[in-house]
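Two complexes, one shared chain (subunit A), two partners (subunit B, subunit C).
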Partner chain A sequence: MKAKTSKTRTIKVDYLARVEGEGGLIVKIKDNKVTDVKFKIFEPPRFFEAFMRGRDYSEAPDITARICGICPVAYQMSSSHAMEDALGVTVDKQIRALRRLLYCGEWIESHALHVYMLHAPDFLGFQDAIQIAQKFPDVVKRALELKKIGNELMTIIGGREIHPINPKVGGFYRVPYEHELRGMIDKLKWALEASLETVKLTSTLTFPDFEQDYEYVSLRHPDEYPITEGRLVSNKGLDISIQEYEKHFQEEHVEHANALHSVHVGSGPYHVGPLARYNLNYDKLTPKAKKAAKDAGLGKTCFNPFKSIIVRSVELVFACEESIRLVEEYKKPEKPFIDIKPKAGTGYGCTEAPRGILYHRYKLADDGSILDAKIVPPTSQNQKTIEKDLFNYVSKNIELSEDKLTWQCEQAIRNYDPCISCATHFLKLHIERE
Partner chain B sequence: MKNRILVIGIGSDFRCDDRAGLAVARFLREKNIPGVEVIEESGEGTALMERWKDAEYVFLIDAVSSDSPPGTIHRVDVQRQKIPKSFFHSSTHQFGVAEAIELSRVLNQLPPHLIIYGIEGTNFSMGIEITPTVSDAGLRAVDLVIEEIRAIQV
Partner chain C sequence: MKKTKKPKLAVWKFSSCDGCQLSLLDCEDELLAVASAIDIANFPEASRAVSKGPYDISLVEGSITTPHDAERIHKIRRQSKTLITIGACANAGGIQALRNFKDVKEFTSIVYATPEYISTLSKSTPISDHVHVDFQLHGCPIDKYQLVEVLNAFLNGRKPNTPAYSVCIECKRRGIICRTVAFSQICLGPVTHAGCNALCPSYDRGCFGCFGPKETPNTTSFADYWSKLGMTDRDLVRKFRSINAYAKEFRLESEAHEG
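Up next is the complex of A and B:
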């Protein structure tokens, strides 16, 4: 932070640690009023949408899974569903259940990583998880074990944990035997207990008093907490099929970020992710998850974004309980996939990535090759809401010291677990020799 | 097998020079060196910790970005050299390679030998083309890693 004049303050964070990808934040303050907030992200233009054109429909899950190392399953599921929609096929019940289980594995590993390794340090006043480990090694070990169990579930069903290779349009190349999955039950029971501990732990944190009037948008399914399918609903009256998504949500290009910002046409910024799912689907949570939420002091709705860390933990409880149910009920399908004949068509897929809804749309030619692709990740949908939060948060806390304000701005961004440009990870390297 | 040797190639196939680590791993896999396991990873830190925890010798090959000329090969012996602070805050995966190393150190979970081969890249934009000097450096890194493995296996 530099003081330009006595009246003008600028908070600038060039690189944000602990968000996926590279991001930067600029907050401008003049005469004790916030004048501008820019949450800059360097997400590259839509390389993948262009890269997909001309490729076979069957390649979409594998290619798009490479967009994100943290949520490959989300990309595989949204693209598979979109292709199945375009080709007019529906997978059977067991394949659907297996997909849901695979997705639970991703929720567990992604939420465990974010809650403990990325977001908790903000609340505890630590720079990073390494500092937590120095003081509370057992807490970090629990986080690693929890994440590992999510990864193991993904490995059994997906073939491997990062960029699973097993899922395909129409089902899976190979499905596990019952005994392979049943072997996970004890571990999942441990994970459930660890998740309940996680909710308890996060409920003891201190939260800034900051409730916002969000439009929450998530999937909603008549029978279950939404993961792979449902209608798109909001707390402000939206209720549409996923096929209608682009009529209601549009992306805008903004100068300070390569990424596109999504808006709900006619009403503006909206909020996707765990808080949106929780607020719109509380009634579909498992009894243990509901009880954990209640014991943690959460109501049926929550409008404080900082409490997303508790809600993510409640979703961990849900994902573990749901995994146990799915594993116990699992019967190996006779055929791991359904047969598909390519044809021309347009298809839509929308699933709940750990960070919120991930929308895919594809147009196919007669031979099944991709003519056009559209992918809208959760982070670009939350971007405008993140900037609005920052504007309101800084306005409300303008008297805070610069260090504290900067810290809390970063914390506010991490409420959304933003995944900015997942596909790269190179290190900025300076060698220090001893 | 006396020594468990693990080679981990890290990178993304869709980020130009960021492919370098993966390319080196693939070359090494093709050599089919007995006693050596070769895997590919995206660079997410906790997954790496899980991967290397039972290995005795780990070679981690990754593209890096510092002020060195493209194609420079950096060798870092993690047990002997500190990972500089600047490793952390520019890493685009917030819990990445450097964090995984330092967390392993704190939790006493570092493998006995962990060597990083960092290949200096220059173009990390979206795409699949690798810069020729970086690709050449990848081939040199393959030879260097093989040389080290041979010395261990003697």
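Up next is the complex of A and C:
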């Protein structure tokens, strides 16, 4: 279909596929200029922050995991850290390492799913990974095997891959024996090779020329690539403790979304996720991950959101290398958890979910009941940036046919691996041209 | 041989976390075989391609929480030969059914700055409150091997092998030491539907009921036992009122202990 050169034009996708959740998008175009871009998040609200009130602090990891079936570990870790902060306890080194290993499993599972099954079909012109499998069966088999290894790691440590049952405030119910984890080493070594192949493959894809001036926000830790802790930093000078988060970031409620939009006070939209982590923590990547990035033609920074698929693959390499190290160094802790006495207090937790920082804050009463909860998922933090990307992308490619433009807008949204269940679900593409 | 048409499968989402439908993508070893035996006709989480109904099997995830969704489920029922609900949200209203015990207006104003933008029903309800359901697969999340078993059973016209006895049976079968008898730990195993293969007890933890009530659970006797050991009504309410809070047997028991 040829684009009209004047008056109204409407491009619409009612239900965006290959994202986690329900939503849509409306782009309005008048006289070949984009006048408005809106995400519609129609995933129904679920009121977690409200029904958490009155629950016991120890229930937070099980309850908040149910916000998202794709990144439940992120919710369990951010909530556990926040509770431990409120209760004034710190887990020991081995428990911390085991949490990091569990989290690596989630990164491997989630990144493999997104790179191959949700994002790659856009670059290759397929509707889904099953279509890819008909033409390139080995590629999809590799993807499934890689994803499975991430899931297996989560299953050993967490009990199951979706909504693990083993993590708790203060540690774990039961910790694995050394031999249970050591059995993963050969598999992880295979996964590392498969991840290196993934970087090679994604670096050969074709990328639109679309560099954007983002404010990247991620955790930063002095000794490691950030997953479970650190300070919050940006490439525009932000450097704060997570306790200061709410002084610097605010949520806005807009009419077209059942998710709240976050903004950086004073500077506006910001960008969280693999690209932000990579740009702010390149120096902390493992050696093979750094080399893979270099061989793929990535510099120390990257401002093209479409290339997030390469960066996600580099993070797969990192997560496999890091898992191997953690498994090799693992010693079964004497006690799986630390004892906790409930008391009043306020606590903060912020960890790097596969798709970006996930912030939790809780206020507790003397008996450990939750008085107040606040949860800011990564997708609601990226929402404004996604809208801005779409505005700029459509403006630049306004002459494209309806079908092409629609598909590329979807692809631009998938750059962020949005998790709409987390943000309360969005995505429906609807472009109106006037 | 005459070429037979592949049966059509559709996956639908209502209010949920997406975890149960992700279970299908987590069948890494079976996925390509499943995809060759059936036509995945509507599965937005995995594919842009959508083909029209009617569908042989519809898997429904999530609970009904908006006026729009209360209508949408009827359309889906009309297009589906067999409708199977998967997970605690679809079967019992899910964790979001905790709102059913409170004032939803107050909830909206706690979470959202501009509550008038939000369209929601006062209760989160199971799919079976709205349409006829052919089969319920339990769990939060469902077990992926049970999902493959259920699909296999329906495609071959037999009854799925998903026993409705309690988690206790699974514990005994695995030789796991009883959390309650040996460790005096509360465990919902005696009243909870099997399917997880006694996962929590195998990780030194009491069951927290994520598969929902077993068939004919004696929740009253269970609650009496724990009351006698000194558990407060407040804690009993919390135990029954979580992921399957609005499942009938758990709901009635939690209401019995509400002061």
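Assume the second predicted complex is superposed on the first by the 411 of 434 C-alpha atoms of A that agree within 3 Å, B and C clash if a C-alpha of one lies under 4 Å from a C-alpha of the other, contacts with A are read in each partner's own complex, and residues count from 1 in each chain.
One rule holds in what follows: a residue touches a chain if its C-beta (ideal position, glycine included) is under 8 Å from a C-beta of that chain, and two chains touch if they have at least 3 such contacts.
All of these numbers come straight from a predicted model, not from anything done at the bench.
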item: Which superposed partner A:55 touches (first subunit B, second subunit C, both, neither); value: second
item: Subunit B versus subunit C as contact partner of A:300, first or second or both or neither; value: neither
item: Which superposed partner A:128 touches (first subunit B, second subunit C, both, neither); value: both
item: Touched partner set for A:93, first subunit B, second subunit C, both or neither; value: neither
item: Which of subunit B and subunit C A:173 touches, first, second, both or neither; value: second
item: Which superposed partner A:236 touches (first subunit B, second subunit C, both, neither); value: neither
item: Partner chain(s) touched by A:159 [first = subunit B, second = subunit C, both, neither]; value: second
item: Contacts on subunit A seen with subunit B and repeated with subunit C across the two complexes; value: 15, 17-22, 44-45, 47-48, 51, 66, 69-70, 113, 117-118, 128-130, 133, 137, 140-141, 144, 147-148, 151, 161-163, 421
item: Residues on subunit A engaged by subunit C in the complex (per definition of touch); value: 15-22, 42-51, 53, 55-56, 59, 62-63, 66-70, 72, 113, 117-118, 121, 127-131, 133, 137, 140-141, 144-145, 147-148, 151, 159-163, 165-166, 173-174, 251-255, 258, 260, 336, 410, 421
item: Contact set on subunit A toward subunit B in their complex; value: 15, 17-22, 44-45, 47-48, 51, 66, 69-70, 113, 117-118, 128-130, 133-134, 137, 140-141, 144, 147-148, 151, 161-163, 420-434
item: List of subunit C residues in touch with subunit A within their complex; value: 13-23, 25-26, 28-29, 31-32, 35, 40, 44-50, 65-66, 68-69, 94-96, 98-99, 102, 104, 106-108, 110-114, 117-118, 120, 140-141, 196, 199-200, 202-205, 208, 210, 238, 242-243
item: Complex interface listing, subunit B residues touching subunit A; value: 10-15, 17-18, 41-47, 49-50, 62-68, 74, 76, 80-82, 84, 86-99, 102-103, 106-107, 118, 120-121, 124-127
